[in-house]
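Okay, got some structures for you below.
Across the two complexes that follow, subunit A remains constant while its partner is subunit B and subsequently subunit C.
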Partner chain A sequence: MIRHSWRRLTNQNRIPFALVLLAVVLLVNFMLQPNLLEPATMNSSMRIFLPLILVAVGQTIVILAGGIDISAGAIVSITNAILATQIGTRGDTGTAMLMMLAVLFVGMAAGAVNGFFVAILRLQPIITTYATSFLFGGLALLILPSPGGGMPSTFTSFYRETRPLGIPLAFFIIALIMLAWYGIRQTRYGRYLFAVGGNADAAYQTGVPVNMVQFSTYMISGLMAAFGGIAITLLTGSGNAQIGDSLTLAAITAVVIGGTALSGGSGTIAGAIIGAIILSLLPNLISFANIETWWQTFLNAAIIVIALALPGFMNLLRRRRT
Partner chain B sequence: MSIGRIAIPPPLAAVLLAIVLFLLSGLLPNGFGSNPDIAASQATNIIRLAVFLGIVAAGQTLVIISGAEGIDLSAGAVVTLSAIVTYSIVNGNNENVLLALPAALIVGAAVGFVNGLGVTYLRIAPLVMTLGMAGVVTGLIIVITQGSVTGAVAPVMTQVIARPLVLGIPGAILIWAVFGALMWFLLQRTTYGKNLFAVGTNRITSRLSGVNVTGMVVGTYALAGMLAGLAGFLVVGNTGVVHIRIGDPFLFPSIAAVAVGGTLLTGGKGSYWGTMAGALVLTLITSLLTTMQMPESVRRMVLGGTLLIMISIYGRQRGLRQ
Partner chain C sequence: MTISLSARNVAKRYGAVTALSDANLDIRSGEVLALIGANGSGKSTLSKIINGVVVLDGGQLLVDDRPVHFQSPHAAKSLGISTVFQELSLVPQMTVAENIFLTREPLRGGLVDRGAVRQKTEQLLALFAGMFKTDLTPDTPVGPLPPDEKQIIEILKAVSFNPRLLILDEATASLDSRQVQRLFELVVRWKEEGKAIVFVSHRMEEIFQIADRYTVLRNGATVGEGPMQGVTTRDLVGMMVAGVTAENVVHRARPTAEELAARKVTLDVKDLRAEAVHGVSFQLHEGELLGLGGLRGQGQHQLLLALFGDIRHSGNITIDVTPVHFTHPRQAMENRLALVPGERAKEGLLLIRSILENFLIPSWRRYGFPLRIGKARQEATNVSMSLNLKMAGLDAPVSSLSGGNAQKVVIGKWLLRNPRILMLDDPTKGIDVGAKAEFYKLLAQLCGEGKSVLLYSSDDEELIGLSDRVLVMHDGSIRTELIGESLTKSNLVAASLGATQEALP
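Right after this comes the complex of A and B.
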């Protein structure tokens, strides 16, 4: 019992850890780039961060329920490929709205494929979604073999420039997600999520529909990846069937930085959002620090690995001390 | 896999599948038809191509047998790195080969060692750790090469690896045969092999019966990295040229080859000869798709679909109801 509450305590300590990290990164970034917090700069940063934030939120839900979704990045690519080819830079508003609605269903359908194999056939989540990432990635390439297509500028400039009350659009979307998550947590479904991730067998024995909960998390991840795909298409205004590839690992890393345990059962959406912002600020930092271009890929990757290692490293120190 | 009452062991099923695929490839318009000479030379060629995948997949087999969702997604990047290291050290001189081979092995083992440390001491999920390291290694490659690779392979490498060596059999195939025997010996006749299967089946009982689990896992990742390093050395010896993405196409098939060969992706059970058969199957699938002039998108989807089918057959987890 004591051990249990100790564990809960350390888990709760993890959001402040992410916040401290955010403060440090922001401070260093601010010193290198003094206009960082000006509304225009903030808007141009946040609109770049939003796709990762959206994917990371979906990933958190899957991980909370004890799974993982390696295919999220490929789903982003599919939605980007569909939007870029079906709407085009000269597309009319009606088609654009319709296609954006359609890709949300495509995302959920892709999530349902994952859910079918993982929750119904009971295959291992990691290897299954790794396999479907090739399936979805191939589909994206089939739709859009070489980069091209696009979105009408009315839509892209709406995404890029909208600042209600002078606050970047991304903040409103984040607030909406937090509000929705707060609502979900109060419901029975919210409690099921944590129960399934904490101990699926025990949850099953107490009557939790484990399979359906797991299935639903993959659909949510697919849906959030589709939202991420819409955001990234509006941001870039163009199509590239491999645009989502790098988002998968980044989203998982954001979730880990945010204090969610990869083993499932504990974690927060807010942590993942903070984690995504930290991760997105790092390339900023590297490019403003005047580091030679050759080193940028290495530094980015090394920072991701270090970020992944931090929770484990702190645990190691804690274990040594006791 | 069982058909009726006769149970066929997975490795044998993979061999049968390889034979069926090979015969099918003969029926293609530009296949070997009914000419046994061309058929024999095509078979030799397929086996020669499978060698490199087979050796990358050897390391993959070891980490997957070690259990706890073991997997090595850095293998592709390590193949590239060691190929580049080999290429620049050898620089066209036969004498330098004896220096390049250990260098390639050490570079691979070092990356694998870091993977092992992250997975054991820092408790990072193997998939996330090795995917992160793949990024780090790719970054390192960019730093080392700065966009251009200078060097050359030595004549002796081409002679031994790519050309027919004895009785018209290419050296690569002979190397693979010896390598396969060594892998069998390692898994079936050494303490390491015995402990590896024990660790993969149940880490707690292994620890209680005196196995140094952490040491075993770190060693296995290091060994897997070393084998990827060996594969990189052989790949560059075979192709004679090197490019910055030379190892990437081996990654996904190496995992699929292990699955096709019947090694349990949950760990604890498997064989290298199954993986060898799996490597043949994957090479055949790839070459069939190339012969049929399928685009990259279709190839990816077929590879993803193959892995999905294989894990659906072999990889079902225990249902909740039992």
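Right after this comes the complex of A and C.
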């Protein structure tokens, strides 16, 4: 019985694995930084984590449907560059709102470019989106050649300090995403996502509009990256055309830690969110552990590699035993 | 719910290969049409044109006497044409219910009505009640299910459309005889309801049992059609294989029990246990063709895998006089065992690689470093000639071959290693009559050379016609041994259903 539940934990149901990992990371972090769970600390942490969470959610949708989006980080950079240059620290509220709405369309348009290449021209997703990432990154540099620009402080402090009911804003956004995802899973579109990722040929023969589903996932990823770009701009209050670069691979790692299969067809949004939080807590943990600076990157990476490899090792042990 | 469908002079080319040149077919409500032809004759292509998966290059499709032009499977479905695909159209990660109702989920307020999906799925599953070996519920994921149950779900999925025209493309190939009978009862019922059914199969007895009319394809063209009444297997096979008469079973002199006992034992298995195999013991003699029979999924597949060291097992296995315990197929190969898997595409071949490479995969070691490609090519050529392989050349991809020829490559790659014990896991599944006949001759020839063959087949005729002896498996153990006089079809069927040795006449 114990063995059975162990097997489920390690094999069939991979969110619990991410949850266990989250608990461990939180516990260690809590011991090193006792004020971790105080509302103020939590709020400041979560608003830093939010951009990665948003990008990871978009990435999950693409990966579920059997694709991958390497350009998500570059889309974050584009939206950041647009917001920082078009609004500026002295921008008025009306322009700012308009611009934030506009970048959402920019994100979707960028996603549509990816979708066109991958779903309509049927190019390899990994290569295509790697190539378009330079396209989008290059555009971001054109718009904002050197770091600068910014957001009015009313916006950044709103992002920094809003805590409805004393709960960090990020939690409300996560709740909203989870709710929307739950809704999507109840629709035909939700089923199509899993069907296309699980077996695209079978889905096509059954009459699923495979191309349109794939196309749409890149648009969703672009949209979520744009949201991530808005969040990161509100967080930093400034512009940097390379700000999104590190988010792409971090988001994919978060999706994998969250138990979503890179081959598509199975996975969860909740897992990706947990994965993103784990990844974001690691640098925190390492810096509080008073580790010398030159060890930090190495340790951070080592923990990520172990987290990724652990389910594989568990599977190996299980295979040996039976 | 009436329908009539006609295909007129349909043509389809894939690059330089002509799949169909002049295919014609007519079907109406309330009849079962058998679409027959050798592998590579274009049956599957024609089915796929009728259901919109493949777009035709020439000719015309008429539905209810009106020309139609399907650009997608969806277009065909909206006219009530539904298909049971040979290579199943199921998504392994999704559940039974999700698979069956994919694209047609009942909605309530725009959301999928899970209760209704489950209920409707249960109604459909009830059509095959008692035919499942696993506890199948609507919420079971499809991926780990055995092939026959996947096939049934594929059938139910096609039926759930309530189609006017149903295409069954080799739908019986992975079903056992009970499941086939149930399907046929349902087909009769659907026929009475006014559905039209296109039945694609290689099994002649099934065609004669269920079909009202036939259409024969040869090399992409329709070469004959008419009512089943009055035609014989010989007539149909004659149309399928022009100029060649059916000599599909090799008649060999069967050794008696005494003669067998006098021969050298090459493989001695005692109390073999593995997943789904519960204590199997038998002996395989030199030059013997030993059949494994029984219903599908009674442990035959796992028995062969265990002998080949592919899955964990316990028990005593002796080859000649040496006790062995293989934990990896490589060890079995070093002892000159070979296993020809049943699922060619998945387990036996690298489809996009060349025929040459597929032949040589298990044997590269023999050709040294650096590889002596010339010698390897020469030996592959010899094998392909001895197998009478029909191909564009050794460098053509395996995916360009028809099913029968692809299976020859799987066997050929093992023959290159000159095995002493050849194990075959349902090797003729989905192969046409002509290729089967050649295949039977090959097996007989190998036995004549003193090789031992262990053959599992889901085709009862084949087991009876080929084997010196048949072990019937039931629920993971050997229930009955059929040899000499007792080796008859009725005994095999009775034993398959669980009758013990004593109960047989």
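Note that the second predicted complex is superposed on the first by the 310 of 322 C-alpha atoms of A that agree within 3 Å, B and C clash if a C-alpha of one lies under 4 Å from a C-alpha of the other, contacts with A are read in each partner's own complex, and residues count from 1 in each chain.
The criterion applied here is as follows: a contact is a pair of C-beta atoms (placed from the backbone, for glycine too) under 8 Å apart; a residue touches a chain by one contact, two chains touch by 3 or more.
Keep in mind that what you see is a predicted model, and the values were worked out from it rather than measured.
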| item | value |
| --- | --- |
| Subunit B versus subunit C as contact partner of A:Gly183, first or second or both or neither | second |
| Touching partner for A:Thr93 - first (subunit B), second (subunit C), both, neither | neither |
| Contacts of A:Asp201 with subunit B and subunit C, given as first, second, both or neither | both |
| Partner chain in contact with A:Phe298 - subunit B first, subunit C second, else both or neither | first |
| Subunit B versus subunit C as contact partner of A:Asn315, first or second or both or neither | first |
| In the superposition, subunit B vs subunit C on subunit A residues touched | B |
| Which of subunit B and subunit C A:Thr154 touches, first, second, both or neither | neither |
| Partner chain(s) touched by A:Ser266 [first = subunit B, second = subunit C, both, neither] | second |
| Contact residues of subunit A, present in both the subunit B and the subunit C interface | 201, 204 |
| Residue ranges of subunit C in contact with subunit A within the complex | 53, 72-74, 77, 83, 85, 88-94, 98, 102-103, 105, 107, 110-112, 114, 157, 312 |
| Residue numbers on subunit A that touch subunit C, as the complex places them | 183, 186-188, 190-192, 194-195, 197-199, 201-209, 265-266, 322 |
| Of subunit B, residues touching subunit A in the complex | 69, 71, 118, 121-125, 127-129, 131-133, 135-136, 138-140, 142-143, 146-147, 252, 255, 259, 265-266, 295-305, 307-308, 311-312, 315-321 |
| Subunit B-touching residues of subunit A, taken from the complex the two chains share | 68, 70, 117, 121-124, 126-128, 130-142, 145, 200-201, 204, 210-211, 241, 249, 252-253, 256, 262, 294-302, 304-305, 308-309, 312-313, 315-316 |
